[in-house]
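Only one structure is covered here, and it is reproduced in the block below.
Note that the chains are named A, B, C, D, E, F, G and H in the order they appear, and that numbering of residues resets to 1 at the start of each chain.
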Amino acid sequence: MGEELLDLMERVRRGEVTAEAAANALSRETDLGFAVVDDHRATRTGLPEVVFGQGKTPEQVAHILLHLCGQGLPALATRVEPHQAEAVLRQVPDAVYEAVPRLLWLAGEHPAFQVRVEGVVAVVSAGTSDLPVAEEAARCAEWFGLEVARAWDVGVAGLHRLLSRLDVLREARAIIAVAGMEGALPSVIAGLVPAPVIAVPTSTGYGTHLGGLTPLFAMLNSCASGVVVVNVDNGFGAAQAAWRILGTEA
Amino acid sequence: MGEELLDLMERVRRGEVTAEAAANALSRETDLGFAVVDDHRATRTGLPEVVFGQGKTPEQVAHILLHLCGQGLPALATRVEPHQAEAVLRQVPDAVYEAVPRLLWLAGEHPAFQVRVEGVVAVVSAGTSDLPVAEEAARCAEWFGLEVARAWDVGVAGLHRLLSRLDVLREARAIIAVAGMEGALPSVIAGLVPAPVIAVPTSTGYGTHLGGLTPLFAMLNSCASGVVVVNVDNGFGAAQAAWRILGTEA
Amino acid sequence: MGEELLDLMERVRRGEVTAEAAANALSRETDLGFAVVDDHRATRTGLPEVVFGQGKTPEQVAHILLHLCGQGLPALATRVEPHQAEAVLRQVPDAVYEAVPRLLWLAGEHPAFQVRVEGVVAVVSAGTSDLPVAEEAARCAEWFGLEVARAWDVGVAGLHRLLSRLDVLREARAIIAVAGMEGALPSVIAGLVPAPVIAVPTSTGYGTHLGGLTPLFAMLNSCASGVVVVNVDNGFGAAQAAWRILGTEA
Amino acid sequence: MGEELLDLMERVRRGEVTAEAAANALSRETDLGFAVVDDHRATRTGLPEVVFGQGKTPEQVAHILLHLCGQGLPALATRVEPHQAEAVLRQVPDAVYEAVPRLLWLAGEHPAFQVRVEGVVAVVSAGTSDLPVAEEAARCAEWFGLEVARAWDVGVAGLHRLLSRLDVLREARAIIAVAGMEGALPSVIAGLVPAPVIAVPTSTGYGTHLGGLTPLFAMLNSCASGVVVVNVDNGFGAAQAAWRILGTEA
Amino acid sequence: MGEELLDLMERVRRGEVTAEAAANALSRETDLGFAVVDDHRATRTGLPEVVFGQGKTPEQVAHILLHLCGQGLPALATRVEPHQAEAVLRQVPDAVYEAVPRLLWLAGEHPAFQVRVEGVVAVVSAGTSDLPVAEEAARCAEWFGLEVARAWDVGVAGLHRLLSRLDVLREARAIIAVAGMEGALPSVIAGLVPAPVIAVPTSTGYGTHLGGLTPLFAMLNSCASGVVVVNVDNGFGAAQAAWRILGTEA
Amino acid sequence: MGEELLDLMERVRRGEVTAEAAANALSRETDLGFAVVDDHRATRTGLPEVVFGQGKTPEQVAHILLHLCGQGLPALATRVEPHQAEAVLRQVPDAVYEAVPRLLWLAGEHPAFQVRVEGVVAVVSAGTSDLPVAEEAARCAEWFGLEVARAWDVGVAGLHRLLSRLDVLREARAIIAVAGMEGALPSVIAGLVPAPVIAVPTSTGYGTHLGGLTPLFAMLNSCASGVVVVNVDNGFGAAQAAWRILGTEA
Amino acid sequence: MGEELLDLMERVRRGEVTAEAAANALSRETDLGFAVVDDHRATRTGLPEVVFGQGKTPEQVAHILLHLCGQGLPALATRVEPHQAEAVLRQVPDAVYEAVPRLLWLAGEHPAFQVRVEGVVAVVSAGTSDLPVAEEAARCAEWFGLEVARAWDVGVAGLHRLLSRLDVLREARAIIAVAGMEGALPSVIAGLVPAPVIAVPTSTGYGTHLGGLTPLFAMLNSCASGVVVVNVDNGFGAAQAAWRILGTEA
Amino acid sequence: MGEELLDLMERVRRGEVTAEAAANALSRETDLGFAVVDDHRATRTGLPEVVFGQGKTPEQVAHILLHLCGQGLPALATRVEPHQAEAVLRQVPDAVYEAVPRLLWLAGEHPAFQVRVEGVVAVVSAGTSDLPVAEEAARCAEWFGLEVARAWDVGVAGLHRLLSRLDVLREARAIIAVAGMEGALPSVIAGLVPAPVIAVPTSTGYGTHLGGLTPLFAMLNSCASGVVVVNVDNGFGAAQAAWRILGTEA
């Protein structure tokens, strides 16, 4: 926004823009009544706005997706439950829904699919119950234009399963490590390879698992330095972080 | 106590013991005013009473140790800080103090050192800061008459360090795995060997480590089934558990 | 894995195995797409892989059980809810479901039932509401080939109920003590007998019970040393721990 | 206060008291600047005001005690640390300090010592480290005029120690049960006798003890119904509760 | 149990009872398979066993109630949800169910109704949403034979509502104060009257109410000393505590 | 109540009111059996009583609203779920229900709508999912007679959205800032304008969001001093606080 | 900032300011190396910057205060411990330190003392141990130019103490209610008067007091609506909030 | 390790290495008795081992640093308190200590300083009290060979301070955002620029700050997607993560 501000001021100075218009120009998003869509986010940060489906009505989800699409923007919603998806699909039949990662999007030739970032993101999961979160991370990363390599069910109780996939880890520019239970997977991975490791704790568990706080805290205390963490079950956030990392150029 | 009770009743029936004496016989411990020493615990459960030093005055610690010793019983105190130890040693010069595991005991030819349980306990620690707890476990186990094999500083961020000590793990009848940080060591070990794994979380850490609750919770959620856990920093308890396990006979 | 590694290297050195084959050999588990079944776990740690049913679809549970069975391996799933079981039973009619401990398995003459470990495990519960967890522990232990003695509803508010079952406690090589509420049962038991005591807190309760954290924490603070603890409601884990303990030989 | 209010109004009506005086009469306590001493509390609830020493300067403690004493009222301060006590004693040489329960009082022939409530309060403690809290309860109860029977170090890991003191429990009109660790003592006691059981958790412990929250929560979940609980280490509050109970008449 | 033990031993000594019979006599409860009913609890502690309905099947509730009734004992179950009650009532048509306090009992001329304890228990509640818990306390107290005076909806935000009921508080031998929200009611009451105050926090609330932990903690920190507390929503426990208090005789 | 008390006493003194009547006058609320309606609250604090619908039966809600209405008082219920509203509307057809803020009221020419407080309250929300809480605040404020300016969906991840609404913030006499997620909105606002900022955390979120505790704690730690906070999702409380603030006159 | 931005743009447009100068103008604060002093905060929000002393070296505190003073600005530091104050006073002898509220300031004829806001703030505290926080609130409010009325030690366990100070509460335009323990004071006050009530929990207490979280949570759950809360011990923040409220004009 | 393993096997196959030597080769670290130094970590993951000073004796810190140095390796210790540093400097006079970030290292021409990673890391802090953690991040990053741009004291309560440093944020390949209090800084930054944002919460604060958990949780719930988080006060970990990110090549 800093550069835009400078540009804007220069144009005000040259009389190309009035002071009032300049002040107004700071609020270019579209007001849908219940949501202010940030149409220009892609320009500003490089990534389009994504709809967080949880807690929204199907009408709201459909409305925002169609609006984005109408602007020629990519349209993706996360955390969409099957009953929400059904309702949206009745309104927007050409939307696509994937049940495991709970993602819903409008297909098309959107910029998000065209900007190609180089390098592979490895998405690695510890157990079968971590799959929905791991797939959310993997599918979102693909939707952002990243190439993804998957390695499922390689938890630390059977080390050979992880060691046999070392090639995947070594070739990745960033690694998303998804684990519930005690959340030990990112520590072991970060001790083996130098790539950035984004740890994603999952909420599957019981008792002292505390809905995922235990693997989250364990990951934050990793004995292998340099592990970074996102919120419980936040596969989407991990994918965004990977996009930020791979988009970075020296 | 059940068998003793039955015995006692039989002796009451035979007139060898009066009813009053029988009731009294249930309270054979020595009352020191501030503590009731359970002199017969060794007979009942096989292990002598051990003094928990934390929160006691040096006078209390010295008094109880000397009382036990006077009864011909082994005398050990745990969690004895240096300033407590100094004060006790001034009163009881032939006591022995080890600063790292914070143990203080009266030497001698006590039963505790003579009852030999077969088999080796491996005590394994993840990092240097886990050493005091690991040594408390190892030294207590030795004091209980167990043979101990140590493997220090074999945390999961450098797997080869652990794998190179697999021999120690394979030969042990029970394994005490001491770890702070994310507490992942017991999971990896329990995935490699079939022996009982007693996990001991340590309090070294900061932030979301929560004074050891995080590795404790992680260990309770181990993806390798059959791991059992003791309280944070409870090396002594782990040694007692190992003694219980190795004392078990088919 | 250490010995296997050494063997493998020796065979590589003798030219019996290529380097590539050796590296591949580290990943012998079967990939089912959504799960990598660890077929050789029984060889490595002595216990077959058990399916954790919670959070899996009936299709996934059935698929993994049938796969294990097809490999001549024992097939057991824990935490299977009735509606999951019904769906599995429609696909695999000769599966057996027990509703109280929520266990589902494929019958047959599996190794798990043949390896006989000597000695009895006592499974003791404090109240009626602890029964499902206590039965999970008892039935799993039996499935692992252990002999089980049960003592139900012997909580500490009526001490005579526990004292009248002292025979069961004295004859056991390991004791699984299941308790909700304030979780005091393991302390009282460990003060009476020298056997290893595996404490299992249960989640039944309200208010400050905190879903089982209160009895869990109480058990970790037992005034009777040497008590070890597993996660809330983890009857299966307690049974595995008992198997590890009884499988231990001097 | 209700009856006083009615009386006051009646006297206003009869012209014996002006409206202003009546309103003023509601604030009869003495204002010391930093504290408003409730001189008439003994009249209203039967118990004199007691000074909570923690967080007060020695000057404040001395000032309030002397003020109470000057009013012919009993003067007691709780939670007085040795350094506070020393400073107070320099100012008020005839004050009495007991270090274990951390109590400080001004001796004399005060009402508090003369009102005799019938019946005995048993104060029972689980371990040596619970002594300071147990003594605070016992000494406060005595200061309130109650007769106290003590039973120290009778924790549940050695049941016979408790059972041998059953006489004390049976003869008490109320029982104060002080316990740290897992806090199981009140449950066992309340299962044995019908008297009211006031449970006092103590803060001695570590790890999952959570500074006394664990025994507190355990006591609130007692499987023996009718146990009531006070705050961690609150021996004084337990004594007040016992006074309230014994002061109750049918 | 202590006196019974002494009696039993004396009878063993006189040959009236064999040692084996004596040991057996310690386990007089009836084993129903899933529950061991403590038929003699009324003799030991003065109160009959009460069934905790939560988590039990209707069959279990009905079975235990009928068993107690068959023994001529009073039969009450708490925390019985409407669907449980319906199922029980189909089996035991003369049972009585009260929906607000969720109590179910078998009517009859039971001892519980005949033993009359002198004095009144006041049950006081802060708000309308505290009613189910307050009624559980009041109805249980009545079932235990106590006389109950109710004062509903007298929370501290409208002090005059409480002050206008001071007569109820002054005449009670014990006060059960039920409050959710910030749980301030017991403090205000204990500042006004000398009777024992049993505080019952309720779970109604949201956000930082933490399911009732907040009023519970507030009550434990009452600035009016001598307040005792039971678990969240534990109206039954408060009634038992009141029974213990009123049953106490100088 | 202080002035009323003084008045009342003066009238007692003049013989206009008897002492008994005066004491009775302190309890003027209407007793509905399950609730004591505080009819005179509006006189005392300026605001009518509002019904908290959560946990009440539709019958109770309808009964209280009709009673208030019958007294010529405004009648509003908060936290009314659709199924509750339906049931109330069947009984009271001219009630009005708004589903988003979950408010139900009886229309009419009530005092609450006539007392006009000067000045505007700005209600600002960070995201779409905060809308129900923000609308509860806005609609309640309007019902209390305040003028409201809304600014929706102006969270800090798109600063220009907030900056473009600075006019709304500058003209308000008080600002209600509603935010979930990390709860940063009130900090940014309080750094821009001098008006009182009432922060309302919302419960929408997952993982470490802890049901709204995280934004609540963040708001309490705002780096912009003078931010005040209400409970999670408490839009109604924020509106009352705004009413208190705007009702204040120098 | 909005209006300033508009002004700035207008001046850019008129050529009075270059675009670069305008962009620079957005960063007018003084960089001291370790702190960026926001010299113009008083202009923007009406209140000068105040130094948070905790965690700063005496040198840093002195340096910032002198800098502010040198700019003709008021200079106040909060949370200054005696040893910090001594060190600052050695450098800046005409600074003033008050030990109870831990405040340090440079005297002088500063704007902060001249802007007079109409109306009185009542600062009310529940107990003696709440005094330091209450005085921090009162002294800061005075430093901000507000008139303050104090009422100390009026906790709810002795209601008459509070009722006798009702005049103070009725005449205040805002009330700061400081309380530790169970934090009930704000609820009682807000039920009596219509003014805004800013609740300040204090950290004095033990056990379930949780360092002040318990009164904080209790205050957030106040049964008297419209109470707003600041962080534990945050007397300064309460004073700022009062300033914001009283500064508000219709 | 995967590639090394493959290499090792190939060399075993060619007879260049014996099987035993190969197995031994997996444990190349130096055993110092109390610590096993991982000398080859730099080769494996690209970063040398760094000593965590907290909880180690000065002797241990000095010993490990000298050992690393003796191996020609870079030697750095973090979290070294002044008294530890003094003791080390007496033993190793040419060590360098920086007090603010608490770092101690042995100077020299080490690889760590020679491997140059392209691009700048911005280290940004919200307040003065966050400086020690921010400097730990910045100095460690420099020690790892990264170029660092600092922006101190740019918290969100004064947005213009942050906006005036937008140039620093725009030019960085990765941003380390250090903040205590409510932890809002990373959200605002991530909404402005597309670079990876590593959020570091700090422990400075009080009350609901919970020792840094509150800003940590807030950061994990950032409304600006793609923010990643490290443990409280973990400046070193953030620097390692930045190194991992910048070391990444397409």
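Note that in this section contacts are C-beta pairs under 8 Å (C-beta built on N, C-alpha and C of every residue); 3 or more make two chains touch, one makes a residue touch a chain.
Since this is a predicted model, take the numbers as computed values, not measurements.
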From the options E-F, D-E or A-H, the pair that copies B-D, where over half of the contact pairs coincide = E-F
Would you kindly say which chain has the C-alpha centre located farthest from the C-alpha centre of chain E?
-> H
Which integer distance in Å separates the CA centroid of chain F from that of chain G?
-> 25
Centre-of-Cα separation between chain B and chain A, whole angstrom | 48
With chain centres defined as C-alpha means, what is the inter-centre distance between chain C and chain G in Å?
-> 58
Provide the C-alpha centroid distance between chain D and chain F, rounded to the nearest whole angstrom.
-> 41
Scan chain D for residues touching two or more other chains and write them down.
-> 1-2, 5, 23, 158-159, 163, 190-192, 207-209, 216, 220-221, 231, 234
Within the complex, chain F is touched by chain H residues 126-127, 155-159, 180-184, 187-188, 190-192, 205, 207-210, 214-224
Using the touch rule from the top, collect the residues of chain A that touch chain F in their complex.
-> 1, 23-24, 26-29, 31, 34-36, 38, 41, 52, 54-56, 60, 201, 203, 211-213, 216, 231-234
Would you pull the chain B residues touching chain C in the complex into a rising list?
-> 1-3, 5, 44-47, 50, 117-119, 163, 166-167, 170, 173-174, 190-198, 216, 220-221, 225-231, 234, 236-237, 240-241, 243-250
Would you tell me which residues of chain A are touching chain C in their complex?
-> 128-129, 131, 152-154, 158-161, 163-165, 204, 206-209
